[in-house]
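Multiple structures are listed underneath, in structure tokens.
Two complexes come next, and they have one chain in common, chain A, joined by chain B in the first and chain C in the second.
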Partner chain A sequence: MIAELWGQPIKAVNLGNKDFYEDLVSQGVEAIHLDWKPVANGEHALIAALDLLDSDPKVARANQTALERINAAQTFLIDIQPALEAIPGMTADTILHAGPPITWERMSGPVRGAVCGGLIFEGRATTYEEAEALVLSGKVHFSPCNEHSAVGPMAGVITPSMPVFVVENRSQGNRSFSTLNEGLGKVLRFGAYGDEVLTRLAWMRDVLAPALKKALAQSEGIDIKSIAAQALHMGDEVHNRNKAATSLLIRELIPLLLEADIPTQERIEVVRFINSNDHFFLNLSMASAKATLAAAEGIEGCSIVTVLCRNGTDFGIQVSGLPGRWFTGPAGDVKGLLFPGFTEADKNPDLGDSAITETLGLGGFSMAASIAIVQFVGGEPKDALVYSRKMYRITEGSSSTYSIPMLDFRGSPTGIDIRKVIETGILPQINTGIAHREAGIGQVGAGLVTPPWECFSEALLALAQAQS
Partner chain B sequence: MIAELWGQPIKAVNLGNKDFYEDLVSQGVEAIHLDWKPVANGEHALIAALDLLDSDPKVARANQTALERINAAQTFLIDIQPALEAIPGMTADTILHAGPPITWERMSGPVRGAVCGGLIFEGRATTYEEAEALVLSGKVHFSPCNEHSAVGPMAGVITPSMPVFVVENRSQGNRSFSTLNEGLGKVLRFGAYGDEVLTRLAWMRDVLAPALKKALAQSEGIDIKSIAAQALHMGDEVHNRNKAATSLLIRELIPLLLEADIPTQERIEVVRFINSNDHFFLNLSMASAKATLAAAEGIEGCSIVTVLCRNGTDFGIQVSGLPGRWFTGPAGDVKGLLFPGFTEADKNPDLGDSAITETLGLGGFSMAASIAIVQFVGGEPKDALVYSRKMYRITEGSSSTYSIPMLDFRGSPTGIDIRKVIETGILPQINTGIAHREAGIGQVGAGLVTPPWECFSEALLALAQAQS
Partner chain C sequence: MIKRTLVRENFYSDSVALMRISNKVSTLPDVEDVLVGMATELNRELVESLGATTDEVRAASPNDLIVTVVAQNQEALERAFEEVEAQLTRKHVESSDVEEAHYDSIREVAGLEAGYNMAVVSVPGAYAARECRIALENDINVFLFSDNVTVDEEIALKDLARERGLLMMGPDCGTALINGVPLGFANVVRKGPIGIVAASGTGLQHVTCLIDALGSGISQGVGVGGRDLSSAVGGRTMLATLDAIGADPETEVVIILSKPPAPEVAEKVLEKAKGLGKPVVLCLFGREIQADLSGVTLCSDMEATALAAVTLATGTEPTLKDRWYSEEPVEAFQAARGAEQQFVRGIFCGGTVCDEAMVTFRSQGLSIHSNIPLSPGEGLADVHVSEGNTFIDMGDDFFTRGKPHPMIEPSLRNQRIISDALLPDTAVMLLDVELGYGSHPDPVGVLLEAVAEAKQRLGERQVLWIASIVGTEGDPQGLENQIGRLRENGFVVSVSNVRAARLAAKLAKGGAQ
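Moving on, here comes the complex of A and B:
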């Protein structure tokens, strides 16, 4: 029998390392490659941690509780307030930023640009150099937005007098905060800090925010979750495509703006400003996701991710069962489409708190709802379906509210489980804008990225240790 | 050899009539059914007409010209005017209606309801009975909207003092007209004519139309084609789903409404009215399609369809090479989803000029852009892809502006060629609302329908005769 077998032509099925397969094919051998990886990358400590967590019924129950809280969230935009007034732990000397904690020394260009722009906006410096000197003098306290129930896109800089959206999660009573979106081009969040940027920020503080505050005072709050859910049926994934959600938000705001006591010219300016920016909803999508996920924090034994974020240097995650602890790794290189005139060398590493949308199962996780976004981040329509389908393999379940028409209206993949990420080796799929690596320039493109593996492997080991 | 063949088990491939296949399968025979039909239903006269038209290079050139004119269209909403003032051939005694010509005797319930409602609106009667008597006295002149560059959804009734949108096709200089959408529920276009309906129509004439006219006077016109093209990337097919297009239209109108000299309370009423109706864009989508297709009428030898419409009794089509001639057949039964409380017996046959959107390659032809619509008209997401893909088999080409993300951004199927309809036996796919068959009730559901075969077979024979 064996002799007979060896007498036949070789037909190979290759598992794992693709090199063997390619060698065979190059020698004209018929071969099939199976894209298989050993569980947990074959690392014994991770397998042991998985075994421990998988055998503990408390973990499964905790994850179910987390998913229930996420699905139960009811997020409403209720007010606009100055950051100093609204955000817990905010002080006159504090500057909040995106991602996990970081020092000035390790900050990337766009975050430094936004920090210095923020200090100029606050009147504490008049130039980048003065602002930098102030930082180096130790008089500025940096803190991650996510440690204050806040989120900010890209650099994510929030200074004390900036107006912030106040979003309330009515199922748990918690609140979240985010800045108002400035638009595209030269904007603070991408590290620009010129006159154009500062003038716009002052107008947003002095005209936009008071007008929207008066408008919101006419209502019981605007249902952000409902807008995001509708937008998922209208081609948005509410991270990098927000055109439908922004339109629906405008439809909610307009009657309120008309009824509020706002000077006519200011009302026109406000409407034109929001109308000109299809990304205006992004910051609300983020705040809504934050308010939703914060309600699932601190459940003992829970292996669900509650934060994915980046500061342009490090990627950081938090896990429900280990509240407040950061697990970090290097921020990745975003692959995508660059605006004309920019090259790969211009790209800053991955940046921003906006991956809170993916943490909730939107953004990259819901790209199958947003086929048109491939024109912005690269790839083909079928890729968008593949990304979404894959994410169900690393999530606890699916959303009871957000659904994806092209996947037969299946709920979006929700509740990233670090156990499943480690077991399958599938990393969360994020889509994102790309900032120029130098301060003062702005956005250079958009694309796709995943977090580093070590965020999840370290979190898994820590969770297993806490449970053992 | 033959003997050997007969000795084997039968394996059948069945062509055409499925009964034979089903008989074999029921007897346990392995069989494959191929859904094949003979060309032109096997009718010799049609095959001869196809041969004649296919061998005439003028027809191919004419169709190319038609597609070019359709693709070149630039449609702008430029004004709102009373129908009597705006619409060519409109008189004080004229009532326009949807579909091909029809007499009162053959009119279906909802069209009669809308006609009588229109006469009450005009002050020519105070009850349905009075209005009917006026019609029977011969003092009312009926004419199809489509014979006056106009279109109306469902009953499509346009009376002299109703305000109409004026849409200009700037590539050819022609204009089209449609009423303003009343919203859902009890509305004139579905045959309701109660106080609620008449009060709303009066408000639309006295408040809505003047406000929108003043708003439009602030602009160079609103680009309707651009809005429809964007909406196709946002889950609309701009026939039965117009949520994104209505939102984008509101975004265009709001700054104009704010700048126009309109009393504050009226401005608020106008915004609330448009905002409350996700179908508000429908009538503009229709007028834009009409202005586009009218530019392709009257090209000698052209076999492209320029009108698909229904009056609730008859389905009518027009073909470019035979301008002004109607080819009709019985209006079909719409298969779909009924609103709670209604049954199949309540349904009126197919009704309305709104299939002008399908004539342009939108609506049912672009359902692959509007997956979420299956929740409204029935079916599954994959059906929407199938409908759109199939329509490329009966169209001259594809749109250079309207594109479908899920089909790799392919242009929507455009320019229905009656030759291809007859050759393949594939009828245009239309999605549509369903009216109650009695006057005075309103909409009972939505679904899918196709035109009758004879519209196309008769048009083909007539076109061949004209060319021979």
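Moving on, here comes the complex of A and C:
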């Protein structure tokens, strides 16, 4: 009843002309001025799509379900297997890569380098030129990791004989896969394919993987979600900083490695290798995120993002309610700090599946847990708080496991809702490494990047169409 | 002439703030034109018309900021861009210094425990309806200042409000006084026994000010929006509000104020009014009603409306003293008046005061012309050119496209004031001044700039300056100060708009001199 308003103290929310707000405040009226801007960038077709999806109770229910599944995930590292054996749909001629689908013609330098390195590693070619000729002959089948429950950092190349981590999500029974991290410098994921790289890959296949497999066989699986959650309290955001998580993983592995039947020299090499690489946990963080988000795929009407990834040319996203469909736009320019000796011209566009961590609410979304990373990507400590707080405005809810001490232990922002991205105009904040644009040089810096707007606007229109 | 346009992506700011920056920067020497605005279709066209558009402008979205400067030389151009930058960034420094809670959406605010119950919406019309819907869905009443909201949207919002038992004021609602709190353009008036429901912004303001001057006060003042009493909208907010005002124990007398409504809607409103069980004063600006008016007092102007309501509320008939009036300027003008000085030029910020002045002239048999004609024969061939007795509502959409309302930025009418005062056949300049919240902090100061220039250019020749005031002692601009400065500068100041109009009519050619 309108009459109920008479006599109530007026408490006003003002949007538009700020003078009206100031007039209210000057009279002692309780008022809030919104930092308003046109929703959906002012695009009317998007506003209509938003209105349709907002008024559909099925969408809200679907998103709740997605968040519940994400929060319920229990991810364990259970095994290491050759990709051909482990990954569904993998064949002897398949090469998996990061990001959305792409042809050889459009691949950026580091991805081409990694593909050729992978073919040499598989014994299919002996030089870059031979590998390229093999690709051009049409005998190699490219496919995105994400279409095979897999993820790979940077170029993300997975070839049939590479060993992969097998991570199981015990709440839904699904599995995900990722390669083992090679370390920094000249490595395949940045497109390097020299002898040093190939020798290391062979050692990883022949020594590291069998040793870890034996170690894991001594356990019921290693709880990756739990390690990531603890690492968030120790200054990692488990995308660009994995120091704490790698240390925690080593604590889990040491007893298992000691118990397993592994020649002493190999055991020493394995421990030294893992211990020398701060990012060893990254690939597990990614596989765990993938196993978690895959459980939320394919819920009808759901507007939650299940994949954010890049192939160095395109950025691609997938949305739960539109399973299997890619929405792409140009991969962005990562803004941040470059290592000494490199210039802006050296930067490759945004690359890698590692943004799966942001998709889950870690990485750039949990910057507030990782103040130490801020300098690395070029910012101030308070920026980290701002980034994380902002991400709550585009997510369905928060994590029940990952929490951010600086934000009063609030759960990390979880379940990116494309409706909220479009409504607020806030794009997901990704915290990432930068690859050199030429194959094989390696990482040239790190920084921040956001996906292109059109990934979300096109996904929103498609979802609205599917729901209407 | 040098032109340059820059686009800043994702830099949204409210149009009023940006207009102020445009105005300020355009006063720099050798700067011809400045446009600082969001890349709306309208602003993109404006840049195009300045001959300064770029591909970037054509591709820009309404969340991108456009800055266009036209200057006489490079130096002035650079200075202008520096000043724009300084103005834009100053705002940012201020806001980041203060650690205050930050909200971007109505939903966020609706989630707060404090119980926010009124949304004051003045965002661009194309986006306003959605925000209002969200407010209503979250049990927040709405004061919708924006115009350019479609009739369909208005009807949908008002139906949603009725379903949820909420008040939906507007679109195009300039004024309200809810529980003593002025919203939008509104004056500081005493609390009292009189409730007003009005489809007229400055009308509601003027009547409440007059009631305050008469020593009585206001219980509720509800604006319904300029289109509420059209056939399409059917008085949805008016009828719902009358029910609520009828139920308000603090309201003893009800005023209904509107430009002439659609006849079938007028009938419904009248029926509702008769059934309220409280005395009702109805002002439709001279519109005759052929119906049983039992219990309803019909008035034809705002002063009469205020007097009738106060009489009903207090039981005694008050008088409204013309306390600022003085005969001297009139006599001085009459003595100096040239034979060709025949017509009155009324340049208004407020639409309803403009209407009332026209009705006053008409009732005295004087012919009138206007950009908002009361009937088709009373238009202007060119709204920029006055002819005969002319009444211009500077707040009409035609003049405000892409600009703030002249009550916020009265300088927008200064050029017209100067050019009309200089017309050889102008006898009287009739002007309104609105005080109160929402209005410019010193409207008289702005007006006097135009008057000073006009007087200087008129030289020996005189015109008579008449002002009507909408304001109260409590208004932040200071009533006595504003009026004092008008009088010092030779104005005749009337206590009500209708008296100002009557005086002007008397002095027009063919008026009762």
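Everything below uses one rule, namely that the second predicted complex is superposed on the first by the 432 of 468 C-alpha atoms of A that agree within 3 Å, B and C clash if a C-alpha of one lies under 4 Å from a C-alpha of the other, contacts with A are read in each partner's own complex, and residues count from 1 in each chain.
Throughout what follows, contacts are C-beta pairs under 8 Å (C-beta built on N, C-alpha and C of every residue); 3 or more make two chains touch, one makes a residue touch a chain.
Here the structure is a predicted model, which means the values were calculated and not measured.
When the two complexes are overlaid on their common chain A, residue A:E259 makes contact with chain B while staying clear of chain C. Judged by the touch definition given at the top, the superposed model places A:N275 against chain B, while chain C stays out of reach. In the superposition on chain A, contact of A:E43 is made with chain C only, not with chain B.
More residues of chain A are touched by C (comparison of chain B with chain C). In the superposition on chain A, A:L34 contacts chain C only, with no contact to chain B. When the two structures are aligned on the shared chain, A:N17 is found in touch with chain C, with no touch to chain B.
Of the two partner chains placed around the shared chain by superposition, chain B is the only one that A:G235 touches, whereas chain C remains out of contact. In the superposed pair of complexes, A:Q8 makes contact with chain C only, with no contact to chain B.
Shared-chain residue A:L248: touches chain B; no touch with chain C. When the two complexes are laid over each other on chain A, chain A has no residue in contact with both chain B and chain C.
Across the interface of their complex, chain A is touched by residues 10, 12, 14, 16-17, 40, 61-63, 101-106, 109, 114-124, 126-127, 130-131, 135, 140-141, 145-146, 165-167, 178-179, 181-184, 219-220, 240-241, 243-244, 247-248, 250, 408, 437-438, 476 of chain C.
The residues of chain A lying in touch with chain C in their complex are 1-21, 23-24, 26-27, 29-30, 32, 34-39, 41-44, 47, 51, 393, 423-425.
Every residue of chain B that touches chain A in the complex is listed here, in rising order: 230, 233-236, 243-244, 247-248, 250-251, 254-255, 258-259, 264, 267-268, 271-272, 275, 371-372, 374-375, 380-381, 405-409.
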